[in-house]
Amino acid sequence: MQNWRDEKNEFSILMLPPAFWLVTFFTLPLVVVWVYSFGNRGPLGETNLGFTLVNYVRAFELVHMAILWKTVWITIIVTALCFAFGFPMAMAISFAPGKWKLRLLMLVILPFWTNLLIRTYAWIAILRPRGILNGGLKWIHDTWYSLIGYGVEEIPKFVPWEILYNDKAVVIGLVYVHIPFMILPIYATMEKLDKSFLEASLDLGSSQMRTIFRVMMPLCMTGIVSGAMLVFVLTLGNFIVADVLGGTNSLMIGNQIARQFGAARDWPFGAALSFVILYATFILLWLRSIYAARLEQRDAKR
Amino acid sequence: MRTFSSKRIGKSKVIEPLAYTKRSVIKLVIFVNLLFLYLPLLVLIAFSFNDSKRNIVWRGFTFKYYEKTLKNDQLMEALTNSLQVALLATFFATILGTMLGLALQRFRFPGKGPVDAWAHMPIMIPEVCMGVSLLAFFALVKIPLGLFTITASHIAFCIPFVAIVVRARAATIDPAMEEASYDLGASRIMTFWRITLPQLAPGIIAGALLAFTVSLDDFVITFFTGGPGSTTFPIQVYSMIKFSVTPEINAASTMLIVLTSIVIAVGLVLHAKTSEKDSEL
Amino acid sequence: MTQSIAIKIDGVSKRYGRNVLAVDHAKFDIKEGEFFTLLGPSGCGKTTLMRMIAGFETLTEGTIEICGQDMHGVPPNKRPVNMVFQSYAVFPHMTVAENLAYGLQIDKLGKSEIEKRVKDGLEMVRMSQFSDRRPNQLSGGQRQRVALARALIKRPKVLLLDEPMSALDAKLREEMQVELVTLQHEVGITFVVVTHDQQEALSMSDRVAVIEGGVVRQIATPSELYEHPKSKFVADFIGKMTTFPGKHRGDTNAGSKIEIPHFGEFQCREIVTDSPDLVVGIRPEKIEVRRREPEGDVIKMRGKVKNIMYCGGENHVYVDVDGHEIVAYLQNETRGFHEKFQVGDDVWSYWELNDVVVLDH
Amino acid sequence: MLNKPNHGVSRRTFLQGTAAVGVSVSVGSKPAWAQEDIVNVYNWPTYIGETTIETFEETTGTRVRYDLFASNEELIGKLSAGNPGYDVVVASDYAVDLLRKQDLLLPLNYDLIPNGDHLEEGFRNPVFDPGRIYSLPHAISTIGTGFRKSEISREDASSWGIYFDNAILSGKKSLYDGSRLTMGIALQFLGYSVNTVEEKEIHEARDLLIAANEGILTFAPDSGQDLLAAGTVHAALEWSGDILQVMLEDDDLDFAVPKEGGLAWGDHWAVPTGAPHPENAMKWINHVWDPRVQAEIQNTIRYGTANAAAKEFINPDDVNSPVVYPPAEVWGKTEPIIDVGHANRLYDDAWTVIRSS
């Protein structure tokens, strides 16, 4: 790595244009909203600037903390499920023979080029009581009883699985929307993994499972961490899935924020809630940088 | 030519320990994942042929929504706007993101840690918050809203995606390559064009694909930064919630899926070519 | 000495795709307690063969038995062999001691037993003071010791070593060669080593299998291999050899009559092939060079000194005989008789009849 | 057809625009389209007649640029940050109220809107815009219950009570994902005003809804009619027009305005402050208020009109339908939702609790 002083010109040419763009179209606007978070909602929903901490105080009220708590729980479950499905998928891609690797990768990315809302709506058709999933289950149910049902007087009526408009549906939708963000980073690190570590583990008598848990996962930890970070942060802010697939109590913190900027027309409070999340994200980022630094230190110490 | 004896026949087939894709468990994982990813797509494609105004109950097969879609100027304009914004944003975000990724990879400078975290913030921040902040900002500095402001904002949140990928790729490049180029008398610019850039290509392409993906599907930020004449496809879709999503949207999406599949395929072919070159090197 | 068989390789082939035959009907035994080396140029299939023994590659045909047991369908973690990888594959996320303990934990040994074995293992490779270090804090040689100890404390029937010295510098390599042999004598485990370095193979092994293009060309002790290579490939691969194409001109009581075109005929005591076309070879250190014509029952050729390379302990003299190059290694003696040559000198090069090796074409 | 790509410049505008290019590229000046003879319309999609834009362009020679938004709040948000260039917008009752109070609307110039005279008496003096100074109705409707006739009788469906009795159609009912509307029906059921600012009343409605959560399937984001059509629910809180559209495909569906009153709803044309072409905007409103044009719009979107003269051109089925034009006694009991100022926070907090318990 070069010191920027040695190559001032090159460094400036590389750094200044993107920095300028991000400052202009990201940081400065964000400062505006940050200022809002200390303002007041006027009677008509307009934003009055000022300095008050009431928005932050309100953000820490029990009801909002409860929503945050629930959101974090759902987010943890979603992240875990994304990992549970995404890790083996990343493994499959990474260990697939040459041309299949790219094809599988493409297959994972492709659904993302379709509108998120439409894809989420499609889940309704799959999960609803008379939907594709329950249709399949009913078929299995009927076939089963027609096979063993001779002599049974009354065939039990098929009861559809209630999997739409509740937290289960929200979790399914969120996993669906975010799983590639888990697969891709894990795949990227696994690609660079020296396969002889795995062979060494097997050779020393470990089972495949133990090899995966004790050797492959620790060695792919950077990818797992960035994947989990991405999924976690994106899930935390998502509101569309809970809107479309959620039940009566599906409110997540993302919905809450979106509503403050929408129906409630309380931008200062929305801004304060956003910044509470943002500070939490900062802490996550900071923890990750500590972790990364520790890894680097571990690698560099000699 | 020696022929292989049939000694092995009759013995069970053995799978090599790391040939995971040959294992039925992993095959199942691939199948379940792909089913999970594609079932909704299949559903939405199926409903684009549904002879009903809404996406609920199957009422027979029809092509009429494709016809309607192609004749729907508003929808086509929205698609054009979306593609235009996504392409422009991808183009500039790829350039700027590559620069940022290179700068962060190559240089040590005071405050690098915070700058690094800051550069990734656009991914981390709730979209509504960023959208509103941009709306307020553009109002404050009196920049008229329209395709320009949408594109500018898209570039801002696409930069980190490109930077992350390019940076990872740049880390794998041997610095000796550039040194060799200088040693052979090439200028900095020539070295960058002829040596650095071709090696970065897979990372840049992957970053550009990501940027294109997020830009194409963005609704929240696009909404807040748009003005007259800048309705994009996602805005069209979200606005429809009030009167339920019609099969025209499905038809348009299906066409978009086909189009993007082609783009991806082309991208893959290009990528395969560059990586072939890599392995030749 | 009667030794039982550790590994029995029987008609083993490995085919990749349609056209690549990596290993072609290998068939040989490795005896218990033996230091056995698979030697060959890179890409010859030796690593594939070793990986098949370890269980990482499937066999296209044939069988591998380890200690009398067919290994078909036995996964690597169930085989009584352990391997030291070319990259050592010492787990970077574990300390040295954890690396050693990793393989033992599966055997459901008691905690104290594991500790004891790890301690012994570290002592064996003289790494006791590094037990809490991470692999990236170790040098290449130290990492190799860890990999070695990690595999050995599993007490395998056979230890497989894949290019164990390739990542070490020349000086360390020599040290480790000696150490490895000593270690093998101590533990008495069968060692199978893959290497492309003929010097390494000769100095360490009890027996060496020379492999070329997936085919096992010759299996023999190092000295046999050197003194009596069976083919031109083996002769060339192991050490240097000057060769001439020759013709078998019939047998007499004294031996076979062999003609080297342009150079005349000579008698050879034993003959190894039926084919009339032969290769006649002679090791460079067996060749003598002098100005006067030699007398007695030797093969001699007149030529011009083309080049002289000074190599410390000896001089390599290249003599041009009618366009044919003969290489002689002459001891660089400071005492006693020696001649000094210069490029362009007219010389005689000659050698004993006994030293001639007749090879397959 | 209607919308030429916005980046293309027609020959006429090109000639006009050449002189102004130097000005228009400099930052801060109005962009080129501001000088064009154009009207920028901001509305929901599929919320206009099929030929409305075409006939406007033909009769006036003014080009229409049609853009879309998804909710009133987005509209308000954009306009309060500074009108980015819209000439005429569609806003719901309370949104008109809010925009008007924030000086974000221009008074309508009725000299340019002679068709405004067709406005029915009952719509001339709404609470959200007394005297119709700022707005003219685009479409009116009621909010009631869409229901499946084979599952629930009309009598039962004609009360908000079905949503609060967990024994009726348990898990087969959907409410709307909006605090004011859904809490409004609870307030109405309790006998209070939908626009109450009394904390006690709001809390009562909140607790009623929390208790009802058990029997409600979901708070749908304006997709109740889809749930109904798919058979996922048998009763849905919805706008009359939305239900009417699914009734066309399914005879088993119907719409009822509950006896407690139901909610009146209207979307209105208005001209935002800072509109670059206010005169064109007035021309546009006059155009859509032309009885025939108005009738064509309503025949497409199937909502009610407040244009007395348009009714004779509207599909007789709709004119006679109690769904589109509820009887006077029903209409008399409905109440529009208007903004409640600071009490908004009470509603929002209550809603947060409802949606998270």
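By written order: A, B, C and D. Residues from 1 in each chain.
Methods note: contacts are C-beta pairs under 8 Å (C-beta built on N, C-alpha and C of every residue); 3 or more make two chains touch, one makes a residue touch a chain.
Predicted model, so just to flag it, every value in this text is computed and none were measured.
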Co-neighbours of chain D and chain C - touch as defined: A, B
Chain of greatest Cα-centre distance to chain D: C
Chain A and chain D: spacing of chain centres that average the CA atoms, whole Å: 35
Euclidean distance of C-alpha centroids - chain A vs chain C, Å: 55
Approximate Å spacing (C-alpha centroids) for the pair chain A, chain B: 17
Intercentroid distance (Cα basis), chain C paired with chain B, Å: 53
Junction residues of chain D, two or more chains touched: 71, 74, 77, 221, 230
Multi-chain contact sites of chain C, meaning residues that touch two or more partners: 55-56, 75-76
Residue numbers of chain B (touch at least two other chains): 17-18, 55-56, 132, 136, 138, 238, 241
Pairs of chains in contact (touch as defined earlier), listed by label: A-B, A-C, A-D, B-C, B-D
Chain A-facing residues of chain D, complex: 71, 73-74, 76-77, 80, 98, 101-102, 171, 177-180, 213, 216-219, 221, 230-232, 339, 341-342, 344-345, 348-349, 351-357
Chain C - residues contacting chain A, complex: 54-56, 75-78, 81-83, 85-87, 89-93, 102-103, 106-107, 134, 136-137, 147, 150-151, 154
Partner chain B, residues of chain A touching it in the complex: 1-4, 7, 10-11, 13-15, 17-19, 21-22, 25-30, 32-33, 36, 85, 88-89, 91-92, 95-97, 100, 102-104, 106-123, 125-126, 132, 176, 179, 188, 195, 198-199, 202, 208, 230, 233, 237, 239, 254, 257-258, 261, 267, 270-271, 274, 277-278, 281-282, 285-286, 289
Of chain A, residues touching chain C in the complex: 194, 196-197, 199-208, 210, 214-215, 218-219, 221, 298-299, 301-302
Parts of chain D lying in touch with chain B, wherever the complex brings them together: 1-3, 5-7, 27-28, 30-31, 33, 40, 42, 44-47, 65-71, 74, 77-78, 81-82, 84-86, 221-223, 225-226, 229-230, 242, 245-246, 249
